[in-house]
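First chain A sits with chain B, and in the next complex the same chain sits with chain C.
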Partner chain A sequence: MRTGHFKERTAQLVALSDSKVVWSFAGLLLALVLAAPFLIGNYQVTLLVSAMIAIVGAVGLNMLTGTTGLISLGQAGFLAVGAYTNAILMMDHGWPVWLSLPAAGVVSALVSLLVGVPSLRLKGLYLAITTLAFAFIINHVILYAEWLTHGPNGIFVSGAKVMGVDLQRGKALYYLTFGITVLVVFAALNIQRSRVGRAWMAIRDHDIAARVMGVDLLRYKLYAFMVSSFIVGIAGALISLQIRFVNIDVFALILSIEALAIIILGGLGSIAGAILGAIFLSLLPEAIRLFFDAFADTNSSFYTTYVYEIRGITYGIVIIAFLRLKPEGLIGLWRDVRKYWSNWPLAY
Partner chain B sequence: MDFLLLLLASGLVSGAAYGLIAMGFALIFKSTGVVNFAQGELVMLTAYISFTLYSTFDLSFFPLMLVTIPISMAIGLALERLFIRPMLGEPIFAIVMVTVGLAVVLRGITIMIWGPDPFNFNAGIPTEVVELGGVPFYPAQLYLIGALAVLTAAGWAFLRFSRMGIAMRAVAANETAALLVGISVSRIHAIAWMLSAAIASIAGVLFAANFKLAPDLWFQGLRSFPAVILGGMDSVIGSAVAGLVIGVIENLFQGYVGQGLREISGFIVIVIVLMVRPFGLFGSRDIERV
Partner chain C sequence: MTAFLELHGVVKRFGGLVAVNDVSLSVEQGQIYSLIGPNGAGKTTLFNLISAVFRPTEGRILFQGQDLTRLPTHALARLGIARTFQNLAVFKHETVVNNLLVGMHSHLRSGPVAAALFWGRTRREEIAARERVEEIIDFLEIEDIRDHPVGTLSYGQQKRVELGRALAISPKLLLIDEMVSGMNQEEREDIARFILDLKDELGMTVFMVEHDMGIVMDISDHVCVMNYGRKIAEGTPAEVAANQAVIDAYLGSSRSAA
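Let's look at the complex of A and B:
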């Protein structure tokens, strides 16, 4: 238990954290992640890149679903828009990657208005169904607008060079993703404690009360949609850079469910939770593979045929188990541990 | 003209399947307030179980359903008891997310048990073509439309006259008040899940008999959402009727507007309905607007 802990200046109240321990741990973590590509193998670097992309996407979704309380089952759609925008601008129009990456976010944010505006009157389940419908419509548009998206053939993404460095290769991609992740996380942390973030939380907790207090629901819900989709669009663009190929199969419905699983697992509305959840869930398939390695042959036909189903079942079990046993998610678990640690040997 | 008639006929057939699945959605939503995202998976699982029964015992259609329906009801009851009941009192969002999780788990398990290859499954229904008003029909198609008609009528009578149906409507209207007049709300919830699973099994078997028994059968659940929304989420009969409408709309889009629009025309209808009349054609008008 900390004592003698007073806040005397405004700067102390709005600080991200007033604890030196937290800052030094964050610095240590940052240094470790920065040094990681030199310490671990290529394969692990690829895994870390996927995990960081998942963090970007999860932080984006968390703004919409966790902070504002608007449930979205259409994340795969926004990711697809971002990935395709990046791929089309880079490959068909020759844009440099440092322009096409933010453009992917902007286009995704604009597209989100298409689903955002009709959804303003809806909430909860109705919104979930509309966003689901949106994801299907996007998928079909991509599949049938062949003049723009090359339809079912997909697009190969290559040659993302900035000053002669290929950003799609090992360390360069790692540091690009890392930079964007840090930016997004800090932006999200700052938005959450601004006027906009507080308005979002007010809408989530009680929309009528928020309206009565003067929160413009229309404006702030649209903000939530746009900011969230901007970030998710960038995550989509990063996916296209990492896997070097965009195709409609990459953005199946299971991706939307995976995204929701991440933020539920981490703890709704918490950015640290979204990060924990993203890391946990992107390393989970790896853990499953190791598990199968230990007990059975991973090249066996059962594993290779059903790898998709096994992943799906794990996501489902993770969602159900956390909602049932620990609705506050991993971050709630962490808070419990911290409380137990600082109060020990007393119960509270 | 013939083209239009054919489109209408096949639209009614696929619409009847949507209608049946949508009835299952609406039944659960009406009495528990939860959208069951696992309905499509329930349809798929029960159809596969029925297929196994069929190929083991070689039953004809009605005996087959007589065995399939009780098994499905048991599955529905088990799902409600094991996964939904413990979540009672949690926010609706959490319960709906549990059904989403349940959906991927059921889907994965079903595919892992029966494999990724499609089966031909005629469910013991004869396959000679019957001609009705100049339009050729397969008996399975007529069975499907007939099942929708019978279940709609039965559903209406059940909700209107039977003690259980009236109790169900009472729970839908006001759970606390229903509890106070002595209705066991938890039992109503369980019964809603059982009946919904029974309807799902009928829909699944007949859909498989008409088209194919394939691992993407779960997708029919999502394809039926337009029907649920159009009919009104809490209107069982409305969903059945709206299913037919959506089936016809889809086929007309496919026939006259363009290939590939079939799959999304329903979802475009969702967006339009939600903008204009969020409670659907027959649903109760209690959505608050802020």
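Let's look at the complex of A and C:
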């Protein structure tokens, strides 16, 4: 049985992890993900890119909703702001992608103030409704501000070149997305273990006590909105690069629900959970498809006819099952497994 | 000379109810000052006023000469005022260490960008904060639970975490609202010992609301009694115990003084 070990220096205590095992696993995993494009087909590479974008979006939302406890249904709106910012800057203003991509995050963060400031005193469902309204408004702006967004026509996104390399193609997009995902995850982990992350969780668990401890509630809620939206905006920009086209349908409100489902499934407030949840839910449709391919009558068009209904229902079942059986989400499941194996073969 | 903490004619109304009615008092630096009175007397409300959680309807509250009534709640930690809550107010999903680290908030500087990078100053201040927190953990004898989520601990342990979190502010003035209710005798004695240590070793000023008369009489330098929102008596523990108005408030009324 492994036991907690004594830490000799405080520096070890503030480290992300001082376990060689954890770092070796993380390193191995990173190496695998890095090598993946050479081991799997193009279609699977595309799937992994989608999964990584989902991770970036979920980690962003988790800061606001999981860590700070501010329920947001505005995810679709912030993704749209990021995607459109990137598309407009690249295609209409000729910005290089290495500038338009961070700009998408910045604009999204600034726009988040529009919803953050008026809703600073709102909590729970009231905030959820306000953020939902925000997503509606963004939808409206996209449709009717044609001079800016090209309205219903949408915008084709192409030519994301850096030093001659087209970042929207297969492996290049994969490594771009991978790099951003790693940066975002590390930034999130760092914030979580520092003053800002602790202020956020204090606000979530007991806002009056947080204020008495010196946390400026309004300021830290705005930080949560801005940092979260910055990251979500980047995810949106990546979406625009991947699918090469933005229009209103890409950012349907269901995206907000899916993002919430991901972090609930993963375990609210846990970054590792957000990652697991994002992988799980973005690969789930693929699993369903494989299932139907394997077991359904090949001539049947049942799956293709009802693909959205089947996905919706499966999401619903998975979420309800988790809320019922494992409220701490996938990360809770993982902790149980780890506890089991670290005590094995001793019963506990 | 201005007193350490001074209240002048403080009134708090909730609609028609006058929870605190024209209370004036002054606490000297380095004192253990106890506030007692039957349930509903207005003691917690008074604490909420001093810690700027509520604004007084009337009156002034001066800490080292500075008026607290105009300050936002979060500004008080930096002035060196900390408090615990009558009902548990811990960050229940987080570990003991993280709860205490939140108490260090006003001693740290890093904003979101510095935090995301976790380099240089951020790293150094996090390490220093962690060292300070370990000292508090030592002092309160909670080493064995430091990594537990606070919500999973016993009531007495959670109270101790709340005390630790307040101490992480390194306060000059510590407000303690009914710390020992719901604790067993051993836990009560521990808390009394901690409070005495804070006064004797750190010169901290402790202002506490307490129902446990044993503790109040044993460790207080000064006792103030409230009833129906008003201050009805004050003095040394012995003086207060002999005061007829106090005896009436506790025995004469049918309300519990538990």
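One rule holds in what follows: the second predicted complex is superposed on the first by the 335 of 348 C-alpha atoms of A that agree within 3 Å, B and C clash if a C-alpha of one lies under 4 Å from a C-alpha of the other, contacts with A are read in each partner's own complex, and residues count from 1 in each chain.
We take it that contacts are C-beta pairs under 8 Å (C-beta built on N, C-alpha and C of every residue); 3 or more make two chains touch, one makes a residue touch a chain.
The structure displayed is predicted, hence computed values, not measured ones.
Contact with chain C, but none with chain B, is seen for A:R195 once the two complexes are overlaid on the shared chain. Of the two partner chains placed by the overlay, only chain C lies in contact with A:V227; chain B stays clear of it. In the superposition on chain A, A:L217 makes contact with both chain B and chain C. Looking at the shared chain after the overlay, A:D205 reaches chain C, while chain B stays out of its contact range.
In the superposed model, A:Y306 lies in contact with chain B only, and not with chain C. In the superposition on chain A, contact of A:P327 is made with chain B only, not with chain C. By the touch criterion defined above, A:L13 reaches chain C but does not reach chain B. Residues 208, 211, 217 of chain A are contacted both by chain B in one complex and by chain C in the other. The touching residues of chain A, counted against chain C in their complex, run 4, 10-11, 13-14, 187-188, 190-191, 193-199, 201-202, 204-206, 208-217, 223, 226-227, 269.
Listed in rising order, the residues of chain B touching chain A in the complex are 35, 83, 86-87, 90, 92-94, 96-98, 100-105, 107-109, 111-112, 116, 222, 225-226, 229, 233, 260-261, 263-264, 267-268, 270-271, 274-275, 278, 287-290.
Remark: chain C residues 51, 53, 72-78, 82-83, 85, 89-94, 98, 101-106, 108-112, 115-118, 122-123, 125-127, 130-131, 134, 147, 165, 169 touch chain A in the complex. Those residues of chain A whose C-beta lies close enough to touch chain B in the complex are 71, 73, 118-119, 121-122, 124-126, 128-130, 132-134, 136-137, 140, 143-144, 207-208, 211, 217, 253-254, 257, 260-261, 264, 305-306, 309-310, 312-313, 315-320, 323-324, 327.
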